[in-house]
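Multiple structures follow.
Presented sequentially are two complexes of chain A, the first with chain B as partner and the second with chain C.
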Partner chain A sequence: MSQYFKLLALEVRRFRYVLAGIMVYTLIVECVAVALDINNHSRLFEWNNDSRHSFAEVIRNTQSGFQLAIVIPVAVLLAYALLIWYRDWFGRHPFIYRQMTIPGGRAPLYFSKLTAILLFVFSMVAWQLVLMSVLRIEYVWLTPDAMQEAVDFTEAMTSNEVFNTFLLPPSFKAFALNYGLGILLILILFTGVLMERSYRIMGIVAGLIYAALNVTLLILPTTFGLYLYSSEIWAICLIVFGLEVAAALWISLILVSKKVSA
Partner chain B sequence: MDKFNTGQQKSIGLKQKRISRYILVCILTAISVVTLSAHYGYDPDARIPRFRLETAEGDDAIGQSIQITGNYYIGATGHFIKVFPEGTEFKDRLPLDTFMQGLSFRGYRAGFEGLTDDFPSFMRGKSYGEFDQTQEWLAYVELSNAKGRTRIKLSLLNKAAGKSTVHYLEAGGWPKNENILLEDVQVEDKNIHFLLRRWKPDSAGYSTNSQLTDYVVDLSSGNILNEREIAIPGTEVSSQSHQIRLVKDWSGDTASPYTLIISSNAEPEKRSTEKLPQNADLRPVRSYDLFAYRYADGKLEALNDLWPNTVEDAGNANYFLNGDDLYAIRGDAGRKNSTFSTFIDVKGINLARHAHFTAYSIGASELGSQTMGSPVLFKNGLIHVILNQDSRPMVAVIDAVTGKLVYKGKVVLEKSANDEEKVFNKTRLDTLEIRS
Partner chain C sequence: MIHIQDAHKRYRGRKVLDGVTFKAEKGQITCLVGMNGAGKSTLLKAIMGLVPLSRGTIKVDGVQTKRELYEKVSFIPDHAAMPGGYRLEEGLQFMDDYYASWNPTRADELMAFFQLNARDRVGNLSKGTAAKFGLVLGLAADTEFVLMDEPFSGIDVFSREMIGEVFSSRLVEERGVLVTTHEIGEIEYLLDRAVLLKDGKVARDIDCEQVRDEDGKSVLDVMREVYRT
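Up next is the complex of A and B:
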């Protein structure tokens, strides 16, 4: 266990500057987007004094700003899900020799990398929630008093499509489903990487077939929509999801423990 | 001693260094857990309000079969919601939804919901056909084109015995250029009737040469007993201006011995053209003829003497059959599919006695609302209408014969919020459905 925590701390430390960078980037882009919208509306307000502008409206109007603020971090995190493995082989100082020989088996190595990626993803989501408070302060600070309109925080959060459909859906069920699929994607990606590291070219082919098989199996129950009730489709999809997660972990642990070589 | 102190300081320094290694992991974990728990744990009703249909007046039991559907808007996205007396069903708009719905589209009908709850194994895989039921039988029918032949798949369930059977029936050819539609399914005594309409679309896509056939099938053996061609006056002439439509029986568990056939014909406008420009557009005038078809003996009876041949009555009304009784319900907006009305006109004729038995108007204000939604629904002799007062949906159920209010329900928030008005303003509940 201590090996796992040590490796996790190591992975987090290795990514800390990039994580801080994308956090700052998100902060800057969103603050600028909000400031621009408030500025635009202030001009209108000078012309028409009745036109108030609530925080929710500001967040609603800055959809493209939020998209821009989120696309880059998502791309960085996805790329790092691959890099987290390959940097140990192809980095300036290949590190994989030492990691492979750590006492206590190689399972902690796999789980530390997986947990690190998930920790980065959820930290970015949490950061977005923290940022909303920062943006609200910015709104109060920049918006003339007469133009401000009281609105609750939840309404502001739900007024943005980026939050509603992707980042923070309104119900926890949708959140669990979105991020559950995201976790499965990471697991499949890790398995693919380990297949490639184990069998090289053949591994790439096997990884692609494996990924296609996973997607097909997950979608397959939905094609029986005319014969199965929706509750049954959901149950089958959940079972398939569970089996795919278990299979990805099992294959990956076998590969990382017995096949992958430095 | 100094040596010992230096050693201890070194050890403390190393320990602090080891602990500091984990600080970043702890901070990131704590931020993630705390903020996400706070977001999803604190007041979820503020994000997804829960509604309920509450009885305001009349018989509580009537409200049990009613549901109102619509959307709750979170941002610009409408989330489908169903409100019934037990509460609300909220449908998340998931990123994969569009994809999954495309793959597994299952036609949703409120009428099927009760049936799938009561007879899950019989209703499995049955979602796009037609059904009819009596106290004894539940019949489900699908029509298919099997290599140029019309095939009827009849699934029957004897409710009391719990026994189901499937029969495949041949109902003539299905030429390539012909359309065939299952217009009505009706259980009548020991038989079941399928009303099939065949027509050929002309070059403009209009239906021409409509032919109606009533297939009479024995319920116990599943054999076709009779094929009756229904000759509707006017259809013998091939014309794109001629159309027919049928009114299905939605009375519920009581079998209706009739079906209503509305035959309409468009003729050029008859007015003086002297003062009109040469290329003036003369709108066609559509005339309507109503016929009642009796399943028991295949008799077609004209209703024109009972029902005036006017656009207002025949063209713009919603018709409902309830046993021998036929109701025409028309909103004041003048268009059948108009969204709102301020009152409805109800007329009823008894097809067996060939006589009027009721006629009245009900205003939305009498039901405590500014407007009423359209179209209205009908079941078991009751007219169901959705009302909208200050964005707060209500449902009124009226006895079709007397016009008296027998039930009134209103949509309320499960947990009263300070900003109730704001919640209702983001809610559009405008579709009334009756669960079977």
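Up next is the complex of A and C:
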């Protein structure tokens, strides 16, 4: 277990500057988007004494800004889910030799990389929540008193589709679906990488077939379950999801322990 | 003893290893000799579990390779095998964190012997300095066997001398050393055994002293016989 935590700390340490970079990027893009919206509305307010402008409205109006703010971090994290493996194979001093010969087996290596990616994803979600407080302070600071309107913090968040449908869906079911599928995607990516690292070109072909099979199995119940109740379709999807997670872990651990070549 | 038995490995449709069998004893320096692509590095990697064999077994002291192996056998590849952004001291700390067999006092001695600066970054090291650092990482652990992959490759003459000194020092005494090299001249007089690989097979497995005494031949002479015919 201590090997796992040490390796996890190592992975976090190696990505810390990039993580800090995408956090600063998100902060800047969202702050600028909010400032621009408040500025636009302030001018309208001065011109014709327009209605008040609540924080929820600001957040709703800046959806494209939020989309821009999260697209880059999502792309970076997805790319890093591949790089977290390949980075150690290439370069002048491939680190994979050392990682694969750490006493205590290779399962801690696999789980440390997996947990690191998940940790980065949830760190970004948590950061987004912190940013909401920052944006609210910015709102209070930039909006003229006469134009301000008090609203519930939750209302502000639910007014933005980026939060509602992607980052923090209000229903547990939607939240579990989003993040469950995200975790499965990372697991499939990891398995694909390990297939390629084990069997090279044949591994790429096998990885693509494996990924296609996973997607097909997952959407099959929703496509052909016309005569089933939605709760039944949901239950079947959940079982398929569980099986796919178990299969990805099983295949990956076999590959990383016995088949991967440095 | 490291015992490789009937090792087979195919790579891109080519038989790199085709039934290789030999032993590397503790307290001896065994050299794996062969042309480029003969499978020397593949064999070392296979011992460390870095490359799976298609067929065959590898036993260290009678036990088939498993996790505990890494406390018993050190591998010195032809690069430092550390992240380029690491300082050398971080590399040493990494080894201390993960290996129970790591001996920090010996690591400090080796760093001083090779005149390495612990504040330098791995990515900025020249090939020779990286090779010396690799030796520090491999030799500072209290392991019973040391595997070295091309320790002299692309290295200047003075660095070669320093690395050559390691072979005759107490650092490798009583350990089993399995080394691959093209530059056999550097360490020929120190070798106990030489295993000559050709076409994926062991062409000759010689006791160097016996060949010197009985046949009056050097390892190089035997290599000429094997590779020029």
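Rule of thumb we're sticking to: the second predicted complex is superposed on the first by the 259 of 262 C-alpha atoms of A that agree within 3 Å, B and C clash if a C-alpha of one lies under 4 Å from a C-alpha of the other, contacts with A are read in each partner's own complex, and residues count from 1 in each chain.
As a working rule, contacts are C-beta pairs under 8 Å (C-beta built on N, C-alpha and C of every residue); 3 or more make two chains touch, one makes a residue touch a chain.
Since the model is a prediction, treat every value here as computed from it, not as a measurement.
Engineer: Of the partners chain B and chain C, which touch A:231 in the superposed model: first, second, both, neither?
Structural biologist: In the superposition, A:231 touches no partner, neither chain B nor chain C.
Engineer: Go through the superposed model and pick first if A:105 touches only chain B, second if only chain C, both, or neither.
Structural biologist: second
Engineer: For A:3, using the defined touch cut-off, is the partner it touches chain B, chain C, both, or neither? Pick first, second, both or neither.
Structural biologist: Touch partner of A:3: chain C, not chain B.
Engineer: Could you let me know whether more residues of chain A are touched by chain B or by chain C?
Structural biologist: Partner touching more chain A residues in the overlay: B.
Engineer: Answer with first, second, both or neither: which of chain B and chain C does A:93 touch in the superposed model?
Structural biologist: After superposition on chain A, A:93 lies in contact with chain C alone.
Engineer: Can you pull the chain A residues that chain B and chain C both touch?
Structural biologist: In chain A, residues 6 are touched by chain B and also by chain C.
Engineer: Which positions of chain A touch chain B when the two form their complex?
Structural biologist: By the definition above, chain A touches chain B via 5-6, 8-9, 12-13, 16, 60, 119-120, 122-123, 125-127, 129-130, 152, 154-155, 157-161, 163-166, 168-175, 177-178, 181, 219, 222-230, 233.
Engineer: In the complex formed with chain A, which residues of chain B make contact?
Structural biologist: Residue positions touching the partner: 21-22, 24-25, 28-29, 31-32, 34-36, 38-40, 43-44, 46-48, 74-77, 79, 90, 92-96, 100, 103-106, 116, 120, 124-125, 127, 419, 422.
Engineer: Which bits of chain C are touching chain A when the two form their complex?
Structural biologist: Checking each residue of chain C against chain A gives 45, 48-52, 67-68, 70-71, 75, 77, 79-85, 94, 97-100, 122-123, 130.
Engineer: Flag every residue of chain A that touches chain C in the complex, lowest number first.
Structural biologist: Going through chain A, the ones touching chain C are 3, 6, 10, 14, 91-98, 100-105, 258-259, 261-262.
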